[in-house]
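The following block contains the structure, expressed as structure tokens.
Think of it as A, B and C in the order they're written, each chain with its own count starting at 1.
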Amino acid sequence: MTSSLVTVENLDKTFRGQKVLTRIDWAIPEGSIYGLIGSNGSGKTTLCRLILGILWPDSGLVAVGGVPLTLESGRARQQMYYVGADSRLGPGFRIAEWARYEELMYEQWNAARFQKLLKAFELEPSQRIGELSYGTKTQLQIALALSASPKLLILDEPTNGLDLVVKRQVLQLILDVVSEDHTTVIFISHLIEDVERLCDQVALLHRGQMLIDGPVDTVKKTFTRVQGFFPEGATPRVKDSLREVSPEWSGRMAAGVARGTPDGLVEQFRSAGALYVDVVDMDLAEVVRRLLEAEGYKRETFHAGTL
Amino acid sequence: MWFRVNPQSSVPIYQQVIQGIRQGVAQGVVQAGDRLPSVRDLAVEMTLNPNTIAKAYRELERQRVITVIQGRGTYIADLESVPDRAQRIGLMVEAIQQLLVEAHHMQMTVDELRELFHSVVSEWERAKGRNDQ
Amino acid sequence: MKHSMRGRFNLNGWILPAVRYREWRINRSWYILACAMLVAPWFIQLYNDFEVGPVRTLIIQLIGGYGNTTIAASTVIAGGLGLVVFWYDFSQGRLAYVLEGAVERRHVWWAKAFYVSATIIGAYVLTGIAMEGAWLAVGQSGVSVTIVDAMAYLILVHLVIAATAMMVVSAIGNVIYAAIGVVVMVAWPTLLQSVIEMVIGGSANRLEVAVQNLMAALSPASIISNHLSLYVQSTPKVVAFSRFDQWLIALWFGVWLGAMGWLGQRLFQKVLWERFFDAFYFPVLWNGVYAGLALITAWVYEAVNGSNLVGVNRLLLLLGIAAPMFFVWRWVVRQIGRRALWKIRSGVRS
């Protein structure tokens, strides 16, 4: 197992008396692409700003590259780049001027890469940042972020406001640089499909608490669906013996969800008279939905795939 | 790439990549000695996590489907005697039994299933013939 | 890990080239404008004194009576510059988000201090050279020491005012509150003087004169208006600087300047990031608002009720009314603060 680039220990953060993050423990393995998902207001951006060292925790510790962050943590930020909706780009600057600023700032600035990315995004150095559309500004931010060659790239909903073609291009350019530099990435998205595609690790924040975190394939195994075929259907006798499971019936098939190992549930289905029993893995969206439901999170508009 | 990956499937993505490449070899889309894209190129092309592709390639190398020549690239390996042949035949037997159960529940006869099997095989060979040309 | 931290990336330094580049780019209009506004009246004065060319009348007509209010104006310009370089950077330069980069707050503060100082020093060095040149051109060399003295004082006093403004705006986000804060900070000797006057009564005794002189010496505003305004109205020869113990005053303003620089940087470093979106970066400063409102209330009450008390009794009455009003205002403001309307401004995404 590789070592952790970022370690978060027992972190608490309050905004004017309101708890935003509660006892967060988190480790980001070096070289991983870590998906961070959670509903609006769950504390994702706050957690990232704490890792950047611009927000300070009430208690707890954040360490980057083994070094704990202090009041002024510019040195740690040499290795980190954050791309978010509230961009730092000055509207009055021209693209070339802002690039000059970042070139002066980042020791590992890759000027050739920046030129290549500008061309790929069809951006003109003389354009004024204030005149760019939201999507174009996002592309510029990503071009800057990738050119700064950070060790940790924090992408806070990077594909918001991009059309499908541009989004694919943006993700591909990110992946290209990330595979070349072996960059560690925190990828915040409410699109679970993107997280499944791009991330090898995933964490779920809900109301300031980390519900689950770890490798995607492990997280997917948190829940398993157990399906049993009952030849005589949902008879009162079968229903009675599956009382604790409260399965969903579709025809003669009963389906239940097990947290952790499915063995117990399989046994219950068998003893209730199932002809055969299947254990099926769940996709990430389903796992997330189950976890949130267990926390009492329900919304009319909720459907698998997005948060 | 000749195969697609469905991230929402419950099958882990690296396994889908393994399956896709093995299928390509079996269908003759790629042949022994053909060069595969690098981990980086494949990750970019399919917009997938490079670590996932690397894991799939490692597993494929272990299964002797591909060979990695340091500094030159990744190639489809020559087909050679498969080490765990007996065990894998066992798995195929299980899969066939599963088919029989499925057929039963669909009220198919064994003959109908056999017919279906033959038609799928000939479709497969026709496709493979096209790839070989 | 390749991590050399040398040259322009050396974060241990005070001035980071990247930060300085951005500071100039974002606020350059303000620096140039402030410099021009500080310099302009002196050059108009020179035109006046030496009748250079026919454009003179036109310029004087254009600028109008600006020259007469120069001293008050230059004080406002110096204070305003200290405020605006932060305020504009937060609103147009997205300064809070800029801190996400590989910079430290210290660097941001000192980059601003660097350009503010350069603006003020530059303006008066330019003025000094022009005046020396003009006087030398007409063959009067005896005034040069006076000019150097005057310019040195102007630089020091304006630096004090600008640094005070930068200190205040490092703790207060609302530009109106900040402006009030700067006025209070710069005018505190005068305020203190009027309080003392109130206590010792209206009689012009020796104590009162002593207090008045001390407070005038302590106040940057009165130093300028009492002793430098003559420059604008007349020629440098008229000014008699030797009346003052120059070095002592210079030392006093030097200490003030140093304290503001240190305190301003420390405050700016200690602000919780999420507070950058609030009126006050430190909630404790709300007490200043309550106190101000309480004093105004008490003063209005006294005025309306025509109190004929004098001296200490009057002061005690004022404080006696202000003290409970402090808590009343505190309660009122907090009630307003609880309403949702207020909270829209706290634009921190979580």
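Just so it is clear, a contact is a pair of C-beta atoms (placed from the backbone, for glycine too) under 8 Å apart; a residue touches a chain by one contact, two chains touch by 3 or more.
Worth saying up front: this structure is predicted, and the values here are computed from it rather than measured.
Q: Centre to centre, using CA atoms, which chain is the farthest one from chain A?
A: Result for max centroid distance from chain A is chain C.
Q: Can you tell me which chain is nearest the middle of the complex, judged by mean CA position?
A: Centroid comparison flags A as closest.
Q: Could you work out how far the Cα centre of chain A sits from that of chain B, in whole Å?
A: Those two chain centres are 30 Å apart.
Q: Need the CA-centroid distance for the pair chain A / chain C, whole Å please.
A: The separation of the two C-alpha centroids amounts to 47 Å.
Q: As a quick test, compute the distance in whole Å between the mean CA positions of chain B and chain C.
A: 75
Q: Where in chain A do residues touch two or more of the other chains?
A: Residue numbers touching two or more other chains: none in chain A.
Q: In the complex of these two chains, what residues of chain B are touching chain A?
A: Spelled out, the residues of chain B in touch with chain A are 5, 7-13, 39-40, 43-45, 47-52, 101, 105.
Q: Taking the complex as given, what residues does chain A use to touch chain B?
A: Per the stated touch rule, the residues are 31-33, 168, 171-172, 175-176, 178-180, 193, 196-200, 216-217, 220, 229, 276, 280-285, 305.
Q: For chain C, which residues are in contact with chain A within the complex?
A: Per the stated touch rule, the residues are 1-5, 8-9, 11, 16-19, 21-22, 25-26, 92-94, 97-107, 269-270, 272-274, 346, 348-350.
Q: Which chain A residues qualify as touching chain C in the complex?
A: 15-16, 20, 41-46, 49, 52, 54-56, 65, 71-75, 77-79, 82, 84-93, 97, 100-102, 104-108, 151
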